[in-house]
Amino acid sequence: MAEESKPLVPPTPEGEKKPAAEKPAAAPATASPAAPAKPPAPPATAKPAAPAKPTGPVPLPWTSPLVEKYRRQYGSGIDALTYLGQNYLNVDRSLIPDILRLLRDEEQFDYCVDITAVHYPKRERQFDVVWILYSFPRNERLRVKTQIADGASIPSVVSIWPTANWLEREVYDMFGIQFDGHPDLKRILLPDGWKGHPLRKDYGILQQDKEWVQVNLGIESGQ
Amino acid sequence: MKDSMDELSNGAVSHLDLETPEKPYLDANELIINMGPQHPATHGVLRVILKLDGEKVLGTECVIGYLHRGVEKIAENRTYTMFNPYVDRMDYVAAVSNGLGYCEAVEKLLNVEAPPRAQYIRVVLTELNRIASHQLWLGTHALDIGAMTPLFYTFRDREEILKIFERYCGARLTTHAFRIGGCQYETYAGFEKDVKNFLAFFPPKIDEYEALLTSNRIWLERTKNVGVISGKDCIALGVTGPVLRASGVKWDLRKAQPYAAYSKFDFEIPVGENGDTYDRYMVRMIEMRQSLRIIEQAVNGIPEGPIMGKVPKVIKPPVGEIYHSIEAPKGELGYFIVSDGSTQPYRVRVRPPSFVNLQALDIMVRGMLVADVVAVIGTLDIVLGEVDR
Amino acid sequence: MNSVVNTGAAPVATPFFFYFLAGAAIVSGLLVITRRNAVHSALSLIVTLLSVAGLYLMLYAPFVAGVQIIVYAGGIMVLFLFVIMLVNIERSAKDRQFNRIWPVGLAAACALLSLFVSAFVKGRNLFPDRLVALQESSNTQQIAAMLYGEAGRMGPYTFAFEIASLLLLVAILGAVIMTKKKI
Amino acid sequence: MLTRAANDDDRRRTTEFERLNFMVPITTFHYLVVAAALFVLGVIGVLTRRNVVIVLMSIELILNAVNLNLVAFSRMWGNLHGQTFAVFIVVDAAAEAAVGLGILIAFFRNKETINVDEIDLLKW
Amino acid sequence: MLNAFMSYLGSTVPPGNADNQLWALIYVLIIFAGVSLAVVAMNWIERKALAHFQIRLGPMRVGPHGLLQPIADALKLMLKEDIIPAQADAVVFWVAPLIGLLAAFTVYTVIPFGPSQAVSDMNIGILFMLGVSSLGVLGIITAGWASNSHYPLIGALRSSAQMVSYEVAMGLAIVSALLMTSLNRTGTGTLSMIGIVEAQQQQGVWFIFKFFPLGLIAFVIFAIAMIAETNRAPFDLPEAESELTAGFHTEYSGLRWSLFMLGEYAAMIAVSSIAVTLWLGGWMRPFPNLLTGSAWDFIFSLFPGLTFAGLAAIAFIGTARMPAQAYFRIQRIGLAVFAALLGLIALLLLAIAVAGRTNDASIAGRFREGIDYVYWFVLKVAVFMYLFIWYRATWPRYRFDQLMRVGWKVMLPISLGVLILTAIVGVLIS
């Protein structure tokens, strides 16, 4: 509750000053972004907290009947923001299945464009899970985000949007996020026996499941 | 038969119990067949596990990932500019569209806009590429259904488009035509003439394709009522692009949420009625003609002016995230980019149309025959480079 | 068609061909009942059928030979192979091949064989030792006359022929009803 | 010219083979022996094999043996009644194979076996 | 020797019927060689024609205009590794291609290239042909089973079902043509292939035009069924590469695979020959009853020579149009030699035609007659061969259930109706 109530900028406010430092293998790039408040700094300085900063676009609170309605219903678990004209809801993990179902049933967000996640290893709740929704009748796009901790699971939305099936499998494959109630949660792009989830930030770009490669391909290394 | 959302949501999609008990073939009435990953009709390295009763398909399961290259991971380790060529390698038959989507997404994140001239050039090239993509689809799809000849006709005509690309940016397939903020290259001297030549050259060729197929009895029998999917199911499954439109949903991102200069052009969105393979064929054929219309308007109206917007040398978007999607030849191609303020994207998520559309294969082919699986894979127009990324 | 009617000179009526075909028929007949694999049995049976068709040709019965090839080898055996491939032969090939009462069956067959032998030994003289040369070049027409009649008269087997067509119809219906899951 | 009279030809060949001491001329009896052998083989197959398909094939053998007899007699008597009857038997064999295999498939679908020993119930 | 030769040339019956074993054997060898050559030529023509349909050039490298390509292909196939899958039934796997090949070639023993230009004239000719060609399906079904793999098995089941189904319509169409043979004085028809052509000669009309349009419909049904019977596009489902990779011969390679191809092409020629014999007047030249007299005979006997002359001219033009670069020299010489060869053949044929113009009993006269018969027969078959290629370039592939539906619900009733109508019309007329 406390975290979400703060106007979140994607890379979370507290703790991690520098996500770039987290990148394991981006050798050449690490140097320059290591100093975040350098020349193109205006946006970076906007990061810490304040919603109102004149330089650079920042997420602004977003009000609409929709938001008001759900805020009344669910209280402060919902945070509605808009950034560069794109609206998104920051929703508490506990409200996820209800909000998403209501969005489809009542607000006609009948098309789940994409489900994905972002990894912030420094944060306590490491993962942002993002649902990108679209409403054909309203011709409107909406993102719903929530934060979960590593190892925590999240309800599957396959029963709401069947298209979530593969999308959730991909998120599971790449981030290791468990989706409860998914009919067939298994890896989709990587081989079944693979170890590790490549899109986590602690997974290096050259890293691979050596054991799997040796057993299944009969070669020393895939590099 | 597959109209109900409930059936869909009960995990009907691609959830196949492959453990068949030790039963004789006739009694179990089931036969598991592996189609692919090396199979002439799966358009790459797609593996479809078919569960058959005789020739009837009881269910399918797609096994993908044979072409997985970790594009999203690569993005996190490249600068915004360095990543640009990588997107060409996803849907390699529509590389220009991929580049357009990516560039526009980053531009949005930077809050800059490409100058009008660049936008017109982008539209011309993207629509040319849409035609090229549809041509490739038509050729391979017809080949899957057994008509060999259209393949060669479409490849002959696609060559003209590739020549324009080559003259414009030096590459034919993975063009890397656009840059963040505009276009890298000014149009070459004969660009407009070439495009106009193509505009005159191509319509008779479409007629030629249609003469071979559109009213061909066998073609009708093979495509009508094959792989039917309702608009409702399409939306539930997130299917976009010509497949969605063939099912009767008049939705095209170029109209719904215009990007580039599309709002300035006059064109129609073809819509099908039955959502079968034939409608998808017709929709794409009409789309080719409509693309010609757009190109005509765009190439006649290319304004003068710069081709690059005001973009800093080092691209460092402010902290934030953006989702931007365009209408690629295969459907909605989206980029979800998270920036942490550094020169490298913190996260790039590609929403690939082929990947999502492929999910619909299962419900489209249930109860159909093996030959229809081939037709439906063709009609979905998937590119495995994009499915697996 | 032309004037040369070679009634007597059957094309291949030589003892060598007879023994060759007879040997092939019997050896492959033996294979039919001994092979473990039903497909091999069926292929052996095809050889038998073709050899017997050859024997028909030697007996001036080209029409029967043609029917034998087209119906048996081209039709019935394809059906057999089809069914064998549908049912699980791998398992049955590993099974015991002969039934529980095979000694009894074999004994009965041997008894039958001895009956044949004794009948042939004793009755050899009953068969007139003659071979009539039949009109080969109009064989089909003559059989047609038997089946359909000629010159406005019914043949001796016209009625039987119609009954046979009815039998086939019944067989078709029966086979369809039995094999189709849902009608 | 090249076509010789029939009897001529037969005689020439016969003498040739007799000179070679190769074999005696083929008579009806020879055919009957072949038919009897095929018949007995068929009977053995029917009585001893477990696999229904092979039993059916053995029945085909038996029918063929009968046909061979009929055709041989037809030649012996010089008329075509035997051949006509052989045609009827071929028709019968086709009907028998169709129905037999139909039963077999229906049976296999229910019982998953094609062994005669296990087909021991009137109803299942 | 010369006498024997002459007496053979003078014979008016096929060697099998004349009980001339030596000539029959020679004939078998000639036909075997001729058919193999035709298959090789067909291979080249199909590749070239298909390529030109599809705006390609086709084989161009091996020999001038790829003329030697079939030989290169054959060599490659013979030298290729011959793989027998580990789980396959080796014996059956071996035998299967041979069955198909033997069935396809055995059919040629009764095909009449002329009134005496056949191995044998069987009383049951057409029945024999149908029976033997229906044995071809055994080769396919055993090949599919012996491979012990799913795709070949499905391909084999498909193809056996397909061939058995279309045989029915095909047989009925043939019967309606056979009925037409009985429209003579005695009222007896014939199954003999030569007899069928002679019946057309007597009645003065090709059966395709008899009882118009009944004969035409029967012919069309046969023409469709024979495509299905030979597994060619648009009925090439058993080997539909986009579905079943290659159908029943997926697991075959090298020599054995080429045997399948040889069998397939031989079967194509065989069924085309049946169609020509039954409906298109077999060996007869156009209008044999209308344009009679030795003058017309002479004019029509010039056609073989002129055809070869035309081919030679095309080859010469090709030679002239070849680029002048040095590295084309060998190809150029090769094409010129080929053209000269064709020209020589043309001259020879023309010389025979001229020499045999007057005296029908002379060697030249006999030769002229035989060449005429074979030429017109081959020309008609060649038209069918071209149609096979044309179909393949034009049409998509039927789906299996549609194929079955067409076979049983369209072709079978139509052919039955045509049969009944033919019978009725025949009875009414006679």
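We just call them A, B, C, D and E in the order they show up, numbering each chain from 1.
Operating definition for what follows: a residue touches a chain if its C-beta (ideal position, glycine included) is under 8 Å from a C-beta of that chain, and two chains touch if they have at least 3 such contacts.
Remember, it's a predicted structure, so these values are computed and weren't measured experimentally.
For the remaining chains, with chain B not counted, the touching-connected groups are A | C, D, E. In this assembly, the chain whose C-alpha centre lies farthest from chain C is A.
Note: the chain lying farthest from chain E is A, by mean C-alpha position.
Across A-B and C-D, it is C-D that has more C-beta pairs touching.
Averaged C-alpha coordinates give centres for chain C and chain D that are 4 Å from one another. Separating the centre of chain A from that of chain E, both taken as means of CA atoms, is a distance of 68 Å.
If each chain is reduced to the centroid of its CA atoms, chain D and chain E end up 34 Å from each other.
Taking the mean of the C-alpha atoms as each chain's centre, chain B and chain E sit 46 Å apart. The multi-chain contact residues of chain D, meaning those touching 2 or more other chains, are 3-4, 9, 105, 108-109, 112.
Chain B has residues 24, 26 in contact with two or more other chains. Across the assembly, chain A contributes no residue in contact with two or more other chains. Chain E contributes residues 12-13, 16-19, 89, 91-92, 95, 120-124, 127-128, 130-132, 134-135, 137-138, 141-142, 145, 153, 156-157, 160-161, 164, 167, 188-192, 194-195, 198 to its touches with chain C in the complex.
Of all residues in chain E, only 50, 53-56, 150-151, 154, 158, 233-234, 236-237, 240-245, 392-402 touch chain B in the complex they form. Listing the residues of chain D that touch chain C in their complex gives 3-7, 9-10, 13, 17, 22-34, 36-51, 53-54, 56-58, 60-61, 64, 67-68, 71-72, 74-78, 80-81, 83-84, 86-88, 90-99, 101-106, 108-109, 112, 114-117. Here chain C touches chain E in the complex through residues 1-2, 4, 6, 9, 11, 37, 39-40, 43, 46, 62-63, 65-67, 69-70, 73-75, 77-78, 81-82, 85, 136-141, 144, going by the rule given at the top. Taken together, the chain B residues at the contact with chain E in this complex read 31, 33-34, 39-41, 55, 142-149, 151-153, 156, 212-213, 216, 218-219, 221-222, 369-374.
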